[in-house]
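Shared between the two complexes below is subunit A, which has subunit B as its partner in the first and subunit C in the second.
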Partner chain A sequence: MLKLSNLKLSKEWILVVVLAVLFIFMSIFAPGFTDSYNLTNMLFQIPELGILSLGMMAVIITAGIDLSITYLAALIGVIIATCLTSGMPIGLSIIIGVITALAGGLINGFFVAYIGVSPILVTLGTMTFFKGVVTLITKGNSISGFPEVYGAIGNNAILGIPLPLILFGAVALIAWYLLNKTVWGRNVYMTGNNPIATMFSGINTKRVLIYVYLFSALMAAVAAIIMTSRYNSAKVDLGSSYLMQSLAVAVLGGANISGGYGKVIGIVLATAIFQVLSSGLNLIGISSMIINILIGVVLLSVLMINFFSSKWESVGKQKTI
Partner chain B sequence: MKKITQQKEFGIGLVVIILGVILTVMSPAFFTTGNILDILKANSVLGILAVGMTLVIITGGIDNSVAAMTAAVTVVISKLVVVMGSGTLSLLTVFVIAILVGACFGLINGILIAVTKIPPIVTSLGTMTIISGITLYISNGEYVNSSMLPAKFIAFADYKIGGVSILIFIFLITAIFTWFLLKYLTVGRDILSFGGNPTSAMRVGINTTKVQIFVYTYMGLLAGIAGIVQTAYNKGVDPNGFSGFELTVIAAVVLGGANIMGGSGSILGTLLGTLLLGIMQNGLILAKINTFWQEVFVGLIILIAVSYEVLKRKREEMKLSKVEIEV
Partner chain C sequence: MRKKIVPILGTALLSLGLLAGCGAGKDKEATATNSEDGIKIAVVPKLVGIPYFNASEEGVKKAGKDLGVDVIYTGPTQADAAQQVKVIEDLIAKKVDVIAVAPNDPAALTPVLKKAKAQGIKILDWDTKADESVVDLSVQQIDNEEYGRHMADLLVKAMGKEKGNVAVVTGGLSANNLNTWIDWSMKQIKDKYPNIKIIGEKIGTDEKQQVAYQKTLDLLKANPDLDGILAYSTVAPLGSAQAIQEKKLQDKVSLIGVALPTDSKPFLEDGSLDTATLWNPINLGYLTVAAAKALAEGKTIKDGQDIPNIGKVEVDGKTIILGPPSDFTKENAGDFNF
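Let's look at the complex of A and B:
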């Protein structure tokens, strides 16, 4: 007998199908979609959102949320920019940026893990705080004029592959390795599933959480480096529009907002879907406002499909009982 | 009767008073009727939204779409007042429609959240994107200024009762009504018991779906009222002017001592939270501290306030467990 469950695709395969269908649809209907110019452009735009979404996903797996990620990225960007414009070498500037990231992640992690404040509130507070510090440093202006070599990170390509995309690939691989092949990674999923049981099985959940927030801060740092290099400037709203988008990508990519589930490959696919959707619709000539509406519709529909398919599944199970 | 010091709102109330005293000493302009009324008027939109958000947070939910709903309502008002003409009756009709539009948005949120059981934080994120997208598409992102609004509307915006702006009255009436609803009406008690423990609430026969739909619809209705107040306060409409405001609203509620996990929260606390944010903003300007510092302070205060709440709760739980051991 043919079982329906055998036909059921995993979340990630559904995303592959959606991506393929969208890509074919756009290739047919969006003029110039398959032009090399458009394709490279898309490849340059994917990494920033993708990297931030990876950070967001790691936090979501532990049933948390990181609202501060984009403003932390802005803070890191502004600090790197200040260092660069004051004549520091690029390597040192980036190191200082990474130290800023670690400090930011540590603050988030400390409040979540050791004080026990819910992540949404902690990151709401630190988000406002980081934003304030950035405005304080920049006085509301933008900082620009970096050395040319720095600009290469975000704008150059090796063998036709954009450098940011290579960075994204590397970061995604590292994230996949950390989450799936290390003890810490297993602990992240366990903590997300059931923090109390995880604690009682002898795992230091506090340390697991601290590292999760350090991880998302490091993702913010990588994204900040790419963004400052690509735009050749840094200001307070650097990447701020990515906050809701990265959350949407994480959810679309299958991360469970109540914790315990989320895959790197899902994030990569969801980022690509977002990019194909917005570039394609843009080329068709649909205004960016409508595109935003559609992104919201897509987000809600994915959630509804997930809900109804899981409900349908449980109804099926009850019947067999 | 509980002692004042044991009241939940005591901590935040004390902070507001201390801040007020410091500001009074620092600047003679702070503790004047005019300035206090200004603070209230400038924060009435925040207050109205925070009052609604209190109910949402008590049920363990969150509504990210409040700012988008309010912005949508302001755009609806700006379109309607031009079409409807400038009679008193037509102005009232506009207000009723504005509130209904807000309530409809809220109803959509409520149905999605209550029926599909998708976590409120993502549902409202989705509706936020959709609502703000539609708002920007309809308004084209264009600003409406006071010269484009009818004289009757401007007269409403400037209307005062006993020297106090009507906007402050709208804010206070909303707050008092919601307090009454939460304390004395069945639906208010249902909201509290649902927030405390959804499963038990369902078992004692509370229609939990209805409670959730009510809470989000009420939030939308208040966003409608906030839209009217905002248009009147600004005497103009900026479709983009509200992005990110939902986080300030959430901050006000949380500062007021509501538990983000649901179950507790009070209108009085929320009002004090709103007042704290308002006084801080006002005080920093009066104390001639660079406004760039403002967000740094707000961020720190949120972190300190929520940590204090959590630590206090932990200590109370420790006490409880000790008592159990002794018995």
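Let's look at the complex of A and C:
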């Protein structure tokens, strides 16, 4: 008991507790939840949302928001799909997709950093823009019929570990390294906390912001590769439901919407919580409309817990002073 | 010490809330399920929570009761293929016997449907066709060609002349079945009414009435010489009708749309919508379950066979067709409950 009270309940530990409770609950009440089929299933479903949420989190740390992330992913997916179906090799197609991503990220970053338009407006604009470009390219139809090897990225597993999950793990590690171990990472958090003070301390905040949007665009690219491969198709609204979900995951994962805070591990945990909730509730047989309500309730509850725990913490600190 | 209590308490409360929610759901399912070893049929719409798919849910539930099979009606809350794939993956984990799906993007479902097949699950498509190589049976509401051509004929009838300017409003630019109907309507106009001019490209409205309303207002403003609109998807005609009503162009602009009678009744009454045409979505849901049950039991449905509560159906190879379209006008719109 003494030890438990010493355990500092940070945002991330709260997420661990919530995840564990939900997992145990679903194991008991959702039929077939612990079947190996369902567990593998969930591991295949986690990466797309998790990777997009990482991109979203990086932008949120700088007090921004990236509404264009899913449609940029759709654009990248369609570009890759077009390359693949016209007979280009897989490697080249992916490289062209990544170049598209960088261009998209550059547009977002340029308008936010150099023109100084607020991120929500810029990305709302680019969201519509990307969506328009995709619709123009595809005429609204889906592009499909990729080489079989390409499908392996999204559908195969190595030693029982799904390939997308390995990609997610790698991407999360890289994101963790970039945000925590590099100068750029530290600058990202500082810019989010106080952009003006950061600028006056001699840091090129504009460049920091550009790289943040490039980072989120690259996340969109990885997610796009996984999605197109997993679904063997690319289309304008593929993954569009991930926009609000990735925002929700980022916030649930502890990212502070007014900037300055957000951890990779929080995103990983929050994505897992979403997955356990949606798969578990589906297995129990609850209508997806109610699942949305429950996910909303979880989100609000965790936000409330975070709010009160940080409030108590600051009260506690004042007392000790 | 005190500061630690709040988060712990909060977590506990949160879990309790969830428990309560799940408990309720479980009870409901227990009553709907009558036998453990009965046939389990899952019907997946493009999305849940729109009038059209609510009506087909009614038919699915009714058929489940009448035919003594367990039915699950679940789908994504947005018309997103990625979300629909997840729903199907969860259904495979649930070990259902048949999955009947109305695909948002047929190609995107092929891998997951193959996976389901490998688990011994029978695959059906309904409403919209999936990849033909993976489905065992296909339930279609209508003959697409007949329906598309029928809409063009209806519009000409409503305009009262075989010439004029016509615009096309659609739910989603990427919706497969809508595009097929549009193509057939265009072909009918080209073949039979060469003096009708199609203005601009088809206008997408994101399956939202508000967007359809807005875009139709723009369309009316930009084209004062417009004679008719063809509106595809069950919400687009309502938005277009709203715009025509507001601009009081009921007599000038004819509107033909794919819509449910109850939704379109107010617009049919004042003439802003001339004719709504559709099939009976309740019957479509019912037929889907009936076909799924036959499939699970290894029976086949024959051409012209009389399905109880539905009537005679057409069968063409692997495809079962519900029947010819029903037209809803101001005279008969009140007779339907969907």
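Going forward, the second predicted complex is superposed on the first by the 302 of 321 C-alpha atoms of A that agree within 3 Å, B and C clash if a C-alpha of one lies under 4 Å from a C-alpha of the other, contacts with A are read in each partner's own complex, and residues count from 1 in each chain.
Keep in mind that, in the parts below, a contact is a pair of C-beta atoms (placed from the backbone, for glycine too) under 8 Å apart; a residue touches a chain by one contact, two chains touch by 3 or more.
Please read these numbers as outputs of a predicted model, since none were measured by experiment.
Visitor: With the two structures overlaid on subunit A, would subunit B and subunit C clash, or do they fit side by side?
Guide: clash
Visitor: Between subunit B (first) and subunit C (second), which, if any, makes contact with A:Gly140: first, second, both or neither?
Guide: Both partners.
Visitor: Quick check for you: in the superposed arrangement, does A:Leu238 touch first (subunit B), second (subunit C), both or neither?
Guide: second
Visitor: Is A:Gly151 contacted by the first partner subunit B, the second partner subunit C, both or neither?
Guide: So A:Gly151 only meets subunit C here.
Visitor: Regarding the shared-chain residue A:Ser287, is it in contact with subunit B (first), subunit C (second), both, or neither?
Guide: The answer is both, since A:Ser287 touches subunit B and subunit C.
Visitor: Which partner does A:Asn41 contact after superposing on A: first (subunit B), second (subunit C), both, neither?
Guide: second
Visitor: Pick one for A:Ile295: touches subunit B only (first), subunit C only (second), both, or neither.
Guide: The answer is first: A:Ile295 touches subunit B but not subunit C.
Visitor: Counting residues of subunit A touched by each partner, does subunit B or subunit C come out ahead?
Guide: C
Visitor: If you stack the two complexes on chain A, which partner ends up touching A:Leu159: first (subunit B), second (subunit C), both, or neither?
Guide: Once the two structures are laid over each other on A, A:Leu159 reaches no partner at all.
Visitor: State whether A:Val183 touches subunit B only (first), subunit C only (second), both chains, or neither.
Guide: Once the two structures are laid over each other on A, A:Val183 reaches no partner at all.
Visitor: Which holds for A:Met127: it touches subunit B only (first), subunit C only (second), both, or neither?
Guide: first
Visitor: Using the superposition described at the top, list the residues of subunit A that contact subunit B and also contact subunit C.
Guide: Shared contact residues on subunit A (touching subunit B in one complex, subunit C in the other): 135, 139-140, 287, 289-290, 292, 297, 304, 308.
Visitor: Show me the residue ranges of subunit B that touch subunit A in the complex, using the header's touch definition.
Guide: Residues of subunit B touching subunit A: 62, 112, 116-119, 121-123, 125-130, 132-134, 136-137, 141, 247, 250-251, 254, 260-261, 290, 292-300, 302-303, 306-307, 310-311, 314.
Visitor: Quick check on the complex: what are the subunit A residues that touch subunit C?
Guide: 5, 9, 14, 17-18, 21-22, 25, 29, 31-32, 35, 37-38, 41, 44-45, 48, 135, 138-142, 144-145, 151, 155, 227, 230-233, 235-242, 278-279, 281-290, 292, 294, 297-298, 301-302, 304-305, 308-309, 312-313, 315-316
Visitor: Spell out the part of subunit C that touches subunit A in their complex, as residue ranges.
Guide: That would be residues 1-4, 6-8, 10-11, 13-15, 17-19, 21-22, 25-26, 29, 48-49, 72, 74-83, 85-87, 89-95, 104-111, 119, 172-176, 179, 204 of subunit C.
Visitor: In their shared complex, at which residues does subunit A touch subunit B?
Guide: So the residues of subunit A touching subunit B come out as 65, 67, 111, 115-118, 120-122, 124-133, 135-136, 139-140, 244, 247-248, 251, 257-258, 287, 289-293, 295-297, 299-300, 303-304, 307-308.
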